[in-house]
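Could you have a look at this structure, given as structure tokens, before my questions?
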Amino acid sequence: MYYYKEELINVIEPDKPDPAAAKVLQEALGGQFGEMRTMMQYSFQSSNFRGKDKQFRDLIRGVFLEEIAHVELVQNTINQLLNESGLSSPGNAGTDAAPIDEAVKHGNPHHFIMGAKSSLPIDAGGNPWNGSWVYSHGNLIADLLNNVVLESTGVLQKTRIYEMSSNKTFRETLGFLIVRDNAHQNAFAKALETLGVDWGKTFPVPNYDINKYPECRKYVDLGYHNVQFNFRLDETRIGEIFQGESPSRNSGPLSVTPPPRGFPVPQLPDMPNEHSPGIADMLR
Amino acid sequence: MYYYKEELINVIEPDKPDPAAAKVLQEALGGQFGEMRTMMQYSFQSSNFRGKDKQFRDLIRGVFLEEIAHVELVQNTINQLLNESGLSSPGNAGTDAAPIDEAVKHGNPHHFIMGAKSSLPIDAGGNPWNGSWVYSHGNLIADLLNNVVLESTGVLQKTRIYEMSSNKTFRETLGFLIVRDNAHQNAFAKALETLGVDWGKTFPVPNYDINKYPECRKYVDLGYHNVQFNFRLDETRIGEIFQGESPSRNSGPLSVTPPPRGFPVPQLPDMPNEHSPGIADMLR
Amino acid sequence: MYYYKEELINVIEPDKPDPAAAKVLQEALGGQFGEMRTMMQYSFQSSNFRGKDKQFRDLIRGVFLEEIAHVELVQNTINQLLNESGLSSPGNAGTDAAPIDEAVKHGNPHHFIMGAKSSLPIDAGGNPWNGSWVYSHGNLIADLLNNVVLESTGVLQKTRIYEMSSNKTFRETLGFLIVRDNAHQNAFAKALETLGVDWGKTFPVPNYDINKYPECRKYVDLGYHNVQFNFRLDETRIGEIFQGESPSRNSGPLSVTPPPRGFPVPQLPDMPNEHSPGIADMLR
Amino acid sequence: MYYYKEELINVIEPDKPDPAAAKVLQEALGGQFGEMRTMMQYSFQSSNFRGKDKQFRDLIRGVFLEEIAHVELVQNTINQLLNESGLSSPGNAGTDAAPIDEAVKHGNPHHFIMGAKSSLPIDAGGNPWNGSWVYSHGNLIADLLNNVVLESTGVLQKTRIYEMSSNKTFRETLGFLIVRDNAHQNAFAKALETLGVDWGKTFPVPNYDINKYPECRKYVDLGYHNVQFNFRLDETRIGEIFQGESPSRNSGPLSVTPPPRGFPVPQLPDMPNEHSPGIADMLR
Amino acid sequence: MYYYKEELINVIEPDKPDPAAAKVLQEALGGQFGEMRTMMQYSFQSSNFRGKDKQFRDLIRGVFLEEIAHVELVQNTINQLLNESGLSSPGNAGTDAAPIDEAVKHGNPHHFIMGAKSSLPIDAGGNPWNGSWVYSHGNLIADLLNNVVLESTGVLQKTRIYEMSSNKTFRETLGFLIVRDNAHQNAFAKALETLGVDWGKTFPVPNYDINKYPECRKYVDLGYHNVQFNFRLDETRIGEIFQGESPSRNSGPLSVTPPPRGFPVPQLPDMPNEHSPGIADMLR
Amino acid sequence: MYYYKEELINVIEPDKPDPAAAKVLQEALGGQFGEMRTMMQYSFQSSNFRGKDKQFRDLIRGVFLEEIAHVELVQNTINQLLNESGLSSPGNAGTDAAPIDEAVKHGNPHHFIMGAKSSLPIDAGGNPWNGSWVYSHGNLIADLLNNVVLESTGVLQKTRIYEMSSNKTFRETLGFLIVRDNAHQNAFAKALETLGVDWGKTFPVPNYDINKYPECRKYVDLGYHNVQFNFRLDETRIGEIFQGESPSRNSGPLSVTPPPRGFPVPQLPDMPNEHSPGIADMLR
């Protein structure tokens, strides 16, 4: 069973609204290599696990637990990027000569139609998240290799998305996730190492220079690329695998630690003009 | 952030394998009104919430937390129904004259191809779970009404699935979920009641006679239709709504309680012939 | 605007339930060459029509109007095939030893889960109807050729579905639709003839012997393969095209006539055990 | 069976082309809460209806009939917004230095590729309409609640789309549909009222101020929010439900009336350069 | 079996990057009437062919072989349009104040996220290619008519896409494909002619004036609209059909010829900042 | 450009029809890890390749070329399994009392509806092939790792499908493909070895005992698990990678060889009752 404290795993850095950034950041939430995919993939691999070598299940499940918090972090980041973007007055016919609002033109129109400027279970192209992207092969090596590819591609795509806007809300979340995807890449690569693979200089994929990403460097200084946060309230054998030397070129010792201190969930203002929540008259 | 104890929210009742039952039970996991939908819908509605009336967010989030455990419960139930079903020896050409295995004929072939007889993020018809089924309208009344429909249809479909097999593993999980969906229906109906709706004799939907479902009756006797389990490690305002008289015909007082004692996660045996996990030689 | 009389375009022939037949007949409703596709394709081609040569629009719209009635006919046929099929008593745990009901095994489980044994907007494989199958090319010749292929494939597939069950409810509807698809094939082939094509002995596609289908022969004797029913309450130029000799090998003169006398919409019984409609206690 | 008069249910107000507005208006046609969904949902609920309480079926069917006309209205509105937008001369290589046309950049490229600047069965994000969005639960209360959510969300989304452009063609159609969705919300809310629900001040959802939408006010003055148009050529029991006081805060008596006088279907010009219809040389 | 020489079927004309053109050109690759569809449709029709009249299979297969080369041509064209577009320096936070890159705004963000500025199996709207668009009806006339529609719509859509940018890389490939789609339209129309159809002045569809497309005229001068390239290393009966007078208004004799001399596959530069290929340190 | 000789890459072993086997074998054609996926994935990775290290491109392209032949092999195998299955006489109303044909019940109904008992671009569950399953990450290590997972899962799933029927047509094709997927797994694992990875005893995945699969053993004896067939008509640098010791436990030297001698493409009989091809009267 799953327990919760209302705290985000990282800070939502304030900055101006940026609906075009919100649009592309959806990839990190509902894309093929986004947090919904990692969350569900590790959920299925955990429940479908067979046999007694539960140190592997505990590793997969440990990453799963963090991914639920990542989903929440990206949802909140997207909401922050959308908040106060675009037009604000309803029924303004005749007072606005522009054929279409700029925010809508370069953002995702569904962000303005479906909810009150809020996150959706879709990717950067607007395609809904799809269960066929979740892989639980029933073979531990295939599952671990697939997870390595998933985390590697996660970093790869996030470094590309990072270039698309210099908005601080956007880049802070991406920087944090890049470093954590790196740690999860280490986790699955290390698990394969315990099964006999020597990765040489293969990892991290992609071969990025952390010094170019100031937001990442901060988290690397905290050692976040080499730790696994432990969200278990009971015992876990994750440390049997996530220990010793990192399987990546960047080296350093792996260790299991408590999660970061939590960060506040931003409170979004009422938007009566968007009918959100739309209950003012009733309650007060 | 999300914390975990390796305990299921209900028991996995042992019985014989039943792959055809596993096939239809997928609806309760990856169908439009299954647990993945409820989990993700309440996740998005929680993060996308606006304004200060957080008793509503705490209610939605409270149900969300339980749904993560429901996903895990149904995954484990499907795995139990598939375990030891079908053929067992690989490469048996020439020793088996049947054109196709009975288990595969009436089950879902993907259960036998994708993983080692294990759960998938699909519905009873084999369609992958789809993000377009998640609704977060950005209007509290529309969201609550949608959630009432979701939980009502959840019960409705589960009572129909229940008829399809008398397998005990299958019916025990369905019975538990029917009662819990009823409690969640009460939660969202009650929230609308606090906004001024008087439901009369409308609920529960469907209008079922609990005496006909022995598995349900047991949980009703425990009062599970009128309680909301609390998975929060911090404060929650859920009790501001989930209190007083039930909005349903079945009446009784609503209350917030700790979750059930946990139940063990079944350990599935290694299946070397399915290459699951397939690491025997390496580790030992 | 669209007006309605509660009458079906053909009879629902009574016979025993046959859920496996209902499953495959879904192809004629929600399949790529089913009635929902023809209805929506001609709806879009009608509204998107350009220019003054409105005899072509009136032809396309005329077929569109009939397809709405075809959708209704197939929905009712599927409902009749499902009615009283499968299990009937809810909550019967312990009294039924069969692992899965026969009806569910060879039918579509969604017929028993989604509604109360009723039709769905899906195909014979359970895939939901999809808007990407609707073609409105914006070029009259391409549109007409596409419509010829659509109606030809409609007949072709229905003659294959016809073989799958000898149920009378099933075959009566298929027989009627085969003959009507033939008439619509004639309509679009004739429209291309007015633009200069000489079809030789190409049509009908497929090259079927009507004498082998007793249900069809009856409608051919009524001349239904060479008439276009007129559902317009105002003037239409459809007769400028749908006239003269049939473009098919089967020859005969084309003519526009009033629709068939209507047939009653069957009244399906309440199914309290399926919670359908489930309002008995409230209303009376 | 369905009969037709070539008249639109509302006027197509002329204004300049606006392909970006056409793109977002697709949501009202092929989106999850658009007119194709309402049309097909009520079509399935009508045919799948069980039992003798046909006043409910007549209500659902009555709304279905109007939705067919709404589909036609939105198709024509989109076509008007696209007509004469974008580039006009084919094969103009070398005479145009711009890398991409402005109309295409902010419109939906499929509007310019698939047909000759015309409507498509897709949503504002370009996703094709999907049958899995149609709900016919086989339980009258669940169906009616679902319909209330559908119509409420229909209004909600249209008020958001309305903000995106001040184009008159665009806003006139949206204003009309907002008021009619409101009437349909009243219809389904009233049906639940006859089953015992007292809605208090819940409706309309969203809680919008009609005075802010000049296009809407006009139709409210005509009473369109409290009438149900009757498209039946035979008897209907719709008036047994749609009568008495409105279930919404805005009050007023409900009544069944004849449809509005019809409006002309605009004739779109030939576009030889788009090969639409492309038959000039052949016919004349 | 399939053999290969690393040569493109047409030249990649150099010009500036144009990511918005790359976005819309995806329709010709992964759209419903794009080269992946033609390739797979003719692949299935070839393998599923029945009977002894193999001249028809050889015709279909002959076109299939060319389509594999068309897929490769469009992939390379899209890559050329994307190459060196957009931002180039990774991790440039703080040095770039723009909220979103222009290339991303008007291009497809997936082009910049999924790969290193490279082609994808999607259409101009970002929808993934879908197998349900492939038709192999099992009736030769229906298959040939479907292929005629496919090739006609292929030309029609490409003439519309052509207008969207004057980029030379873009238009050269489109011009070549328009002429080749025309030849394939002739191939299938001719096959139907051998079965008795007289097309009159129907073809080509659309009725375009080749003189307006300078890129096309060049290929028409080479006779490419009336030849079928032969990629068979063994005997083929294609010439039994593809011979004699063209079935189109543009007339001329049909003939089978060797493929064009090949053109070099452009070498795209390493993009270390996109981590593509990302192996520099390892290999050298 | 691509050249062709009408020869299959392996024999179609004759046996009785087995439509249920045809249904599950579709996974190897149109499933997520089937031959259409491998073909398209390597096609995109080949065209999207960047930089001068073309030995990697030649390796990927070399496997791509073989996959086109695999697609053709599986299409033909499915057709053989369907040929002469099920009912044969059209229009036999009244002479057949069975409610549904056995072949249809346990096969895929689309095999009997869509074409004349022939292959489709779908998976074992009937879902259409989808372009979102194709990965071309633009990072060579990520691409190679993804390809290793793809080929490993390909073997894994085929060993599971193999158990489902002892039909010889079915198992011969599966046995051949299992061995070839193994060779391709070696190819991509070896490519990663040249970049520094030491795989230890990881491969092959799954860890299967070849002696249990008589059909496989035959191809292993021919050395097919350690060779790469060369379909290039020009030079290729594939041998720079595919050489030396196998990266798998099963060891042996890797080498590049000519393709197998070809096997005849079976000629399927005309099926006039299925209207396939349906042109008899016209041609003769």
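Think of it as A, B, C, D, E and F in the order they're written, each chain with its own count starting at 1.
We take it that a residue touches a chain if its C-beta (ideal position, glycine included) is under 8 Å from a C-beta of that chain, and two chains touch if they have at least 3 such contacts.
Just so it is clear, the structure is predicted and the values come from calculations on it, not from any experiment.
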Co-neighbours of subunit D and subunit C - touch as defined: B, E
Identified repeat of the B-D interface (over half of residue pairs identical), from A-F, C-F or C-D: A-F
Angle (degrees, nearest 5) of the CA superposition of subunit A onto subunit C: 180
Between A-B and A-E, the pair joined by more C-beta contacts: A-B
Of all other chains, the one whose Cα centre sits farthest from subunit E: B
Rounded Å distance between subunit A and subunit D, as computed from the means of their C-alpha atoms: 37
Centroid distance [mean C-alpha coordinates] between subunit F and subunit D, Å: 47
Sequence positions of subunit B contacting 2 or more other chains: 114, 122, 126-128, 130, 132, 137-139, 141, 156, 195-196, 201-202, 205-206, 274-275, 278-279, 282
Those chain pairs that satisfy the touch definition: A-B, A-D, A-E, A-F, B-C, B-D, B-F, C-D, C-E, C-F, D-E, E-F
Partner subunit A, residues of subunit D touching it in the complex: 16, 18, 20-21, 23-24, 27, 31, 106, 123-127, 156-157, 159-167, 171, 201-202, 205-209, 211-216
Contacting residues of subunit F [partner subunit E, same complex]: 1-9, 30, 36, 40, 43-44, 47-53, 56, 61, 65, 68-69, 71-72, 75-76, 79, 114-122, 128-132, 134, 136-141, 195-196, 231-234, 259, 262, 265, 267-271, 274-279, 282-283
Subunit E to subunit C touching residues, read off their complex: 32, 127, 130, 132-133, 135, 137-139, 141-142, 145-146, 148-149, 152-153, 156, 192, 195-202, 205-206
Residues on subunit C engaged by subunit B in the complex (per definition of touch): 86-87, 89-101, 104-105, 108-110, 112-114, 122, 126-128, 274-275, 278-279, 281-282
